[in-house]
């Protein structure tokens, strides 16, 4: 399908700068822009590419100021990234959706499947599972006994959900993610071995949660591990037993949250962050990459980094000094000697 | 099933404080305690909840001293966490176990399956595999040619075990864990590309090992990667080729052990720890979260943290100073100037 | 099969020291050497074992100098590790290869499969997939619609490849690896929730790429996430959307590369390294374990470590001083006091 810049600007409520009748039928990255495609500029790091881009139409923020001539037709919008999301979503929704239950799937006779489901070959659905309408279960997913899936849930191939878990509406789980495996609970015994604590709770994902590939959310020992609505979790993330992640919190790849820690709402955890167990993290906390968090954060809306997590500017400044440590140590020892000499002279 | 506090205290050898005839039929967390449930208090961080808990019965350690009145009946035991484990295990063992081999599984004709097995749909069992009695293989597990499984092994859905590996008795492997994939061995060549070193060894898990979801244990180049008896490994852990993990060592989530490193017995590795290759780590070593270990640890029973790993109190104290580095550097420069001035005056 | 030391030396172009007619029929590690086996010594850390080894033949580097008598026959070669690789590869190639398409696999009628394929039970091949000759797809692999696989591709059990991706010739993907899952792209909205950015691009693996178990390569938002030829990626690695990894770069376990970062050629990333997004990393950069990289690296061929990444010797020296920080801080405060006293005396 082909659209004119004018049609797109009208749809987005944006202002055109350039030729309104130029047409596009695909998307491109600004640095790889091709004629007939629509591109976007949101991150200022990429500003340089707009002057050379061959994209026919480029979405930009309202306040973008060109420093040179631009060949492309611009559409100025409040938020270029949000507008791009809107257009991509539209296109995405026109893709044909698969439906039907493959005869090569295994569905327990006691499971209840909502209407309009797609269930691929080799999917396993256990006893007393209930599944809402419009779900898509791709190949090799396994949903164990007693688990509930809401409406519009998408499980990409190879998702594993253990027994008695609850997945809300509009959740998307990527390949290899595991929901509801046993929490890591072992009691030491007198002979040095460990005795397993059976993990009797479950996992609850509320609505609109997305979980990345090969991430793991462990079931609670007692009660539930809870991922609140709107939470977005990236790949290879570890969520331990009895953790609670607050509404709309975002967790980047390879981060780990230890047992029983409660994360507030609207937090952002960058990649490879680690949180100790039994903590409370205030709403709106932002942790920079590779941060280690050994204790609770009580004041909301801070941006922290390092080990232990401190205000990010403090950490950044300290990091710059770090490499000078050997020289500083040498200076300290030499100064100490000089001070002694001075003191001796003064006696 | 319902039990009185007296029955539970008798079973555990504990002492009752409160009403011995109150009954419970379920478990609860102390902060979410409900009437008719049994809860426990082990971690002193949760002491505050015991005074408000609605749980009918609470297990506590013998030495717990109440600071206020408690509504619940207490059962005092040597170790509340161990006693809870015992009760949960009892309940867990009463759950009905699945048995039988699904006609939707693929079992090679040369495989030997012990009695009383449960093999779910879509399990793949390769040639010359031998499987002990009472195993449970859930959906989408794959056990490649020549691998041996002991008795009472539980593989949750989607476990992948490569060829010629050995899994001991009573091992539990969680979803998505991979045992026996190729070690990361490549020899550089003159044109800058890398030549793969075929990995001809295998993996041996001894008895009573537990492996978490999406963890990986690579096969040895030659010989075996060995996980000794009683080892417990959490989710998303990396064990490289030719590693050996000593008896009863515990490894938390997202930790990585590089090739050929030998870990002693009764070690504890917290989350996101990284060990270099070809190291020897003494028995009883404890590594704090996110520790980096570039060299061998010879003295046993130390608790270490940081990069490079140093005694944990040293690391903790240094961490506190870290954020002062910019200020300290400024002080050093200014002091140096003052010393020069003093020296000049003294000339 | 049995070979004499002479036959092996002739094949490798090496020089024999000891009995040329001794025979071997298997490999062993030098510290576990057994009569009748061939071992090797490449890493000097293992030099001590050569004097006690029972291996009949040991490959060593030309410049190896014995400090004591050695029982074994030595074969001196230019590079013992490369020579071992050559021998192991020879033996590996003699293993019988499985062929044939299992009737228990699901192959879409629109898929095109090259000759001489092995496709195991429970493999899922989607619509319009094209697969080159000599591929091996083990149990529970899933290849979604429109994806292309080159020749000689090996997918171990449970590999998941999303739609419209491209896998080059001679690529090997280990169990549980996921190629082409959605990049982590969400636009914040005014009510605090996040709106998903559909990820419309794909992943391209060029020829001779190896991907470890449970690693993830996300698809691009627009365009392609690209892994160039000869790249070797270890287990549990995260490659985010729109990343490009240059030719022959090697990435060890649990490392993560954030979105849109471009890695040069012949780089080496050790374990648990983290790179921020939108960076450019020069050719030949080497990052030590657990390094954090917040900004681009412009100068090629540096070896860096720490946070932020600095030359490795600088980092190592600073790390040694780190543990002295509390003492140094105390010294600084005490020196400041003394200087003030001196200054007062001088007034």
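Letters A, B and C name the chains as they come in the text, with residue numbers starting at 1 for each one.
Quick note on the criterion: contacts are C-beta pairs under 8 Å (C-beta built on N, C-alpha and C of every residue); 3 or more make two chains touch, one makes a residue touch a chain.
Everything numeric here is computed off the predicted structure, so don't read it as measured data.
Peer 1: Where the contacts of chain B and chain C overlap, which chains show up?
Peer 2: Touching chain B and chain C alike, sorted by label: A.
Peer 1: Could the interface between the copies chain A and chain B be described as same, meaning over half of its residue numbers are common to both, or is it different?
Peer 2: Different residues, largely: of all residue numbers at this interface, under half are found in both copies.
Peer 1: On a C-alpha centroid basis, what's the spacing between chain A and chain B, in Å?
Peer 2: Each chain reduced to its C-alpha mean, chain A and chain B end up 25 Å apart.
Peer 1: Note the residues in chain A that touch 2 or more other chains, in rising order.
Peer 2: 122, 140, 158, 176, 214, 236, 254, 272, 290, 320, 322, 324-325, 328, 332, 335, 339, 342
Peer 1: Touching chain C in the complex: which residues of chain A?
Peer 2: Chain A residues touching chain C: 27-29, 32, 39, 43, 45, 79, 81-82, 84-85, 88-89, 91-92, 102, 104, 120-122, 138-140, 156-158, 172, 174-176, 208, 210, 212-214, 230, 232, 234-236, 247-248, 250, 252-254, 265-266, 271-272, 289-290, 319-320, 322-326, 328-329, 332, 335-336, 339, 342-343, 346.
Peer 1: What does chain C use to touch chain A in their complex?
Peer 2: Those in contact with chain A are residues 106, 122, 124, 140, 142, 144, 158, 160, 162, 176, 178, 181-182, 184, 186-187, 189, 192-198, 200, 214, 216, 218, 221-223, 236, 238, 240, 242, 254, 256, 258, 272, 274, 276, 278, 290, 292, 294, 306-308, 310, 314-315, 317-318, 320-322, 324-325, 328, 331-332, 335, 338-339, 342, 345.
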